[in-house]
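Structure record follows, encoded as C-alpha cells.
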Amino acid sequence: MSKTPSDALSATLHNHLQQIIRENQQLAEKLDFDQVAAILPLLQQAKRVFVVGAGRTGLALKAAAMRLMHLGLTVFVVGETTTPAIGSGDVLLAGSGSGTTSSIVKAAEKAAAAGAQVVAISTTTSSPLAALATHVAVLPAAQKQDHGGEISAQYAGSLFEQSVLLLLDAIFQTLWGLDGTPAEELWKRHANLE
Amino acid sequence: MSKTPSDALSATLHNHLQQIIRENQQLAEKLDFDQVAAILPLLQQAKRVFVVGAGRTGLALKAAAMRLMHLGLTVFVVGETTTPAIGSGDVLLAGSGSGTTSSIVKAAEKAAAAGAQVVAISTTTSSPLAALATHVAVLPAAQKQDHGGEISAQYAGSLFEQSVLLLLDAIFQTLWGLDGTPAEELWKRHANLE
Amino acid sequence: MSKTPSDALSATLHNHLQQIIRENQQLAEKLDFDQVAAILPLLQQAKRVFVVGAGRTGLALKAAAMRLMHLGLTVFVVGETTTPAIGSGDVLLAGSGSGTTSSIVKAAEKAAAAGAQVVAISTTTSSPLAALATHVAVLPAAQKQDHGGEISAQYAGSLFEQSVLLLLDAIFQTLWGLDGTPAEELWKRHANLE
Amino acid sequence: MSKTPSDALSATLHNHLQQIIRENQQLAEKLDFDQVAAILPLLQQAKRVFVVGAGRTGLALKAAAMRLMHLGLTVFVVGETTTPAIGSGDVLLAGSGSGTTSSIVKAAEKAAAAGAQVVAISTTTSSPLAALATHVAVLPAAQKQDHGGEISAQYAGSLFEQSVLLLLDAIFQTLWGLDGTPAEELWKRHANLE
C-alpha cells in the first residue's frame, strides 16, 4: 500500500529531528572540552554574571541564566529592566556565532572598559568579540549566513543556537555536580509569582 | 485668515495634552497623601522589592523599578528572566486599576502565601487585589472599562497608568531626598551595557 | 501641635508630585505644536510603525505602541521576538533625550538605510539621531546628565520620559478623535490572553 | 600519570553533554511522529499563530516563533507589547511540561473561548491544558518536579525544554522544505534594527 501524504510528512519530520540531533552530536565530537571547561571557574568565581546575546542565541543564554540563578549565582540579562551596571569582578557571558553582532561587540567593549571579564561563546576565535574576550569557547557550527550547508543542513544559525543551549545546560549540570545542592533546594529558588 | 487643517490639528493636539495634564493635576488633588506615603517605609525596609503589573500599568511599574534600582534598592520585575522566588521580608508592589486582573491577583496570592507583603496601587480598596494587600494606595482614576468619561476623557486606563508613573516618580524623589546620595552616585548604577 | 515625621513625609511627597506635574505643564507651554503635530500624518500614512527607545524612554514608547495597536495600526517594538525587518513605507519612531544613545542611533541608521522614515522625539535637533531623522519633535526637557537642575528638579531624564508618555498619549487621543472608532471597538483589540 | 582536576572537569563536562544529547536522542525514538506531524497543517492554515510558555519552555517557543516569522507566518508572543487579541482562525501554540502551569492553562481557556484552536506541547495528554487543546503533541520527557531521575538525569524540566526547541526546529525545517523559499529570502525577514 502506498504511503499517504500524511505518512510522508511524519517521515520527513522524523528525518529532520534525527538530523538535528546528529548535527549536535557531531558538533559535540569536535569540541575542545579543555577550552570549554575553562569557563566554569570563571563563572564560579564571578561576583555577578551578566549574559548577552541577540535573537535566538540570546534566548539560549537566557535559558542558561535561569539555571545559573537556580544554582545560587547572581545573574542578570543585559537589557532587562533592573539589570545594574557591570563592573570589576563581574563576568559578561556573550554569545554570538559570528562574533561580529554589533550590539554584542559594543556590550563586550563596555564590559571590558568597566573592568569586567568577557567570556565569549562563538564559532570562531577571529572576531571583534573574540578580540575583547578574556576567554573564548568555540562551537564550530555554521554561521548565520553560511547558506551553503557544508556544516549544517539547517537554516541560518540554528545549529549554533541549539548547541549553545545544550552546552550551557551541560555546564550547569557540571557546576551542579560540583556544588552538590539537592534538586529540592534549587527548586525553591524558581520564580514563584508566575 | 482662516485656519488650515494643519493649524486645527496642532490646536487639537495642544488641547489634548493640556487636558491630560489637567486630569493628572485634578487626580493629585484627590489623593490621600498620608495613605500613599505609608508605602515609603515599606519600600525602605523591604529586603527586596518585586514589581508586577499588566500592560501599560506594568510599564509604569518597570519605570519605577529602574529608579528604585538606581537608588540602591534590590528590585526585580515579575516575569523577567532571572527574577528569583519571593519570600519573607520582601515586598510585592502590584499595580492594577481594577484590582481584578487575574495574573496580578494570582501573583499577590502567591506572594502573600510565601510570606511577602503586598502593596497595591489601584483605583479602589474593594477588590480581590486589595483584599490580599498589606497596604493599598488609591489613585481615584477611571478604570479601563469606564467608557463613559465621567472621571477622564481619555481612553481606557490611560489616566490611571500616567498617574502611576508620576506618583511613583514622586515617591522616588522623596526617597532620594531622604537618602541624600548625589545624582552622580545614582548615575553609576545605571545599566552600562546597552 | 507639631507635625509628626509621617506628616512631613506626606507633605514632601505631595510637593514632589505637584512639582512633577508643574514641570510637565511648563514643558507643554514651551512645545511647538505645529512641529509635533507633523508626526500625526506620518503615523497615519505609515505602512507599519516600529518604536525604539532605551531604558525608561523605551517604556514610554512601548506604552504608546500598545495604544497605536488598539487604534488599528500595525506596530512593532524593536527587539521583541517577532518584530520583522523594517523597510520602505515604514516609520521608525525613535525616542532619545540626548539623541546620542548609541543603540538608538544605530537603529535609526539601519532604518534609514532600509528606506524607512525616522521620526525622532528628543530634547534637541542637534544630534546624530536628529541628523538621521525625517522629522524631529522637540521636548525641551533636561537631558539625563544635566544634574544641575536648571530645567527640572527631577533626577536624570525623568521629565523627558514622563513628557514622552504624556505627549504620545495626546497624539493617540488626537488620532483617535480623527478616526472616530468607538472605545468598545478599540477594546476588542486589547491583548486577551494575559 | 594522574589526571589533574582540570582534566577531570573537562571529562565530566564532556560526559554531561553526551548524556544530554543521548537523552534527546532517546526521547526522539519514543515520539509518535504522526501525532506531532498533525501540528504542521494547523500552523500552515492558521490565520495567525500565538505562542505561550512559562520560563525556559517559553524561551524555546520564542525561538520557534522567530523561525516561523522568518518563514512568512504571522506570529505573536503572548505577553509582548503589541500582541493583539486572539480570535477565530488563529492558533495558540502552548507549551507546558505538566500541562498544569496556571498562566498557560488560563491563556488556553481564553484562546478557546475566543474561538482559536489550542495546540499543546506537553509530556502528557492528561492535564487541564490537554483538555482544552484541539491537538496535543506529547514529548515523553520528565516533568519539572520529577526529581527521581528515571527518565532524565538532568535537573527539572531541562530535557523537556531542550526537546521542545529541537522538535520545533524540526517542524520549521519540514515546513520550510514544503515551502521551498530560498534561505536568502527568509534572511530578508530577519529583524534588521538590532
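When the chains are written out, they are named A, B, C and D in that same order, and each has its own residue count from 1.
One rule holds in what follows: a residue touches a chain if its C-beta (ideal position, glycine included) is under 8 Å from a C-beta of that chain, and two chains touch if they have at least 3 such contacts.
This is a predicted model, so every value here is computed, not measured.
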item: Each chain counted as touching subunit C and subunit D at once; value: A, B
item: Interface sides of subunit B and subunit C: same vs different residues, half threshold; value: same
item: Cα-centroid distance, subunit B relative to subunit C, in whole angstrom; value: 18
item: Centroid spacing, where centroids are CA-atom means, of subunit A and subunit B in whole angstrom; value: 35
item: Multi-chain contact sites of subunit A, meaning residues that touch two or more partners; value: 62, 66, 79, 103, 190-191, 194
item: Residue ranges of subunit C in contact with subunit B within the complex; value: 6-7, 9-14, 16-21, 24-25, 28, 31, 33-34, 36-38, 40, 54-56, 59-60, 62-63, 66-67, 70, 103, 145, 147, 153-156, 158, 161-162, 165-167, 169-174, 176-177, 183-184, 186-187, 190-191, 194
item: Complex contact set, residues of subunit A against subunit C; value: 79, 102-103, 106
item: Parts of subunit D lying in touch with subunit C, wherever the complex brings them together; value: 50, 52, 62, 65-66, 69, 75-86, 92, 107, 110-111, 114, 188-194
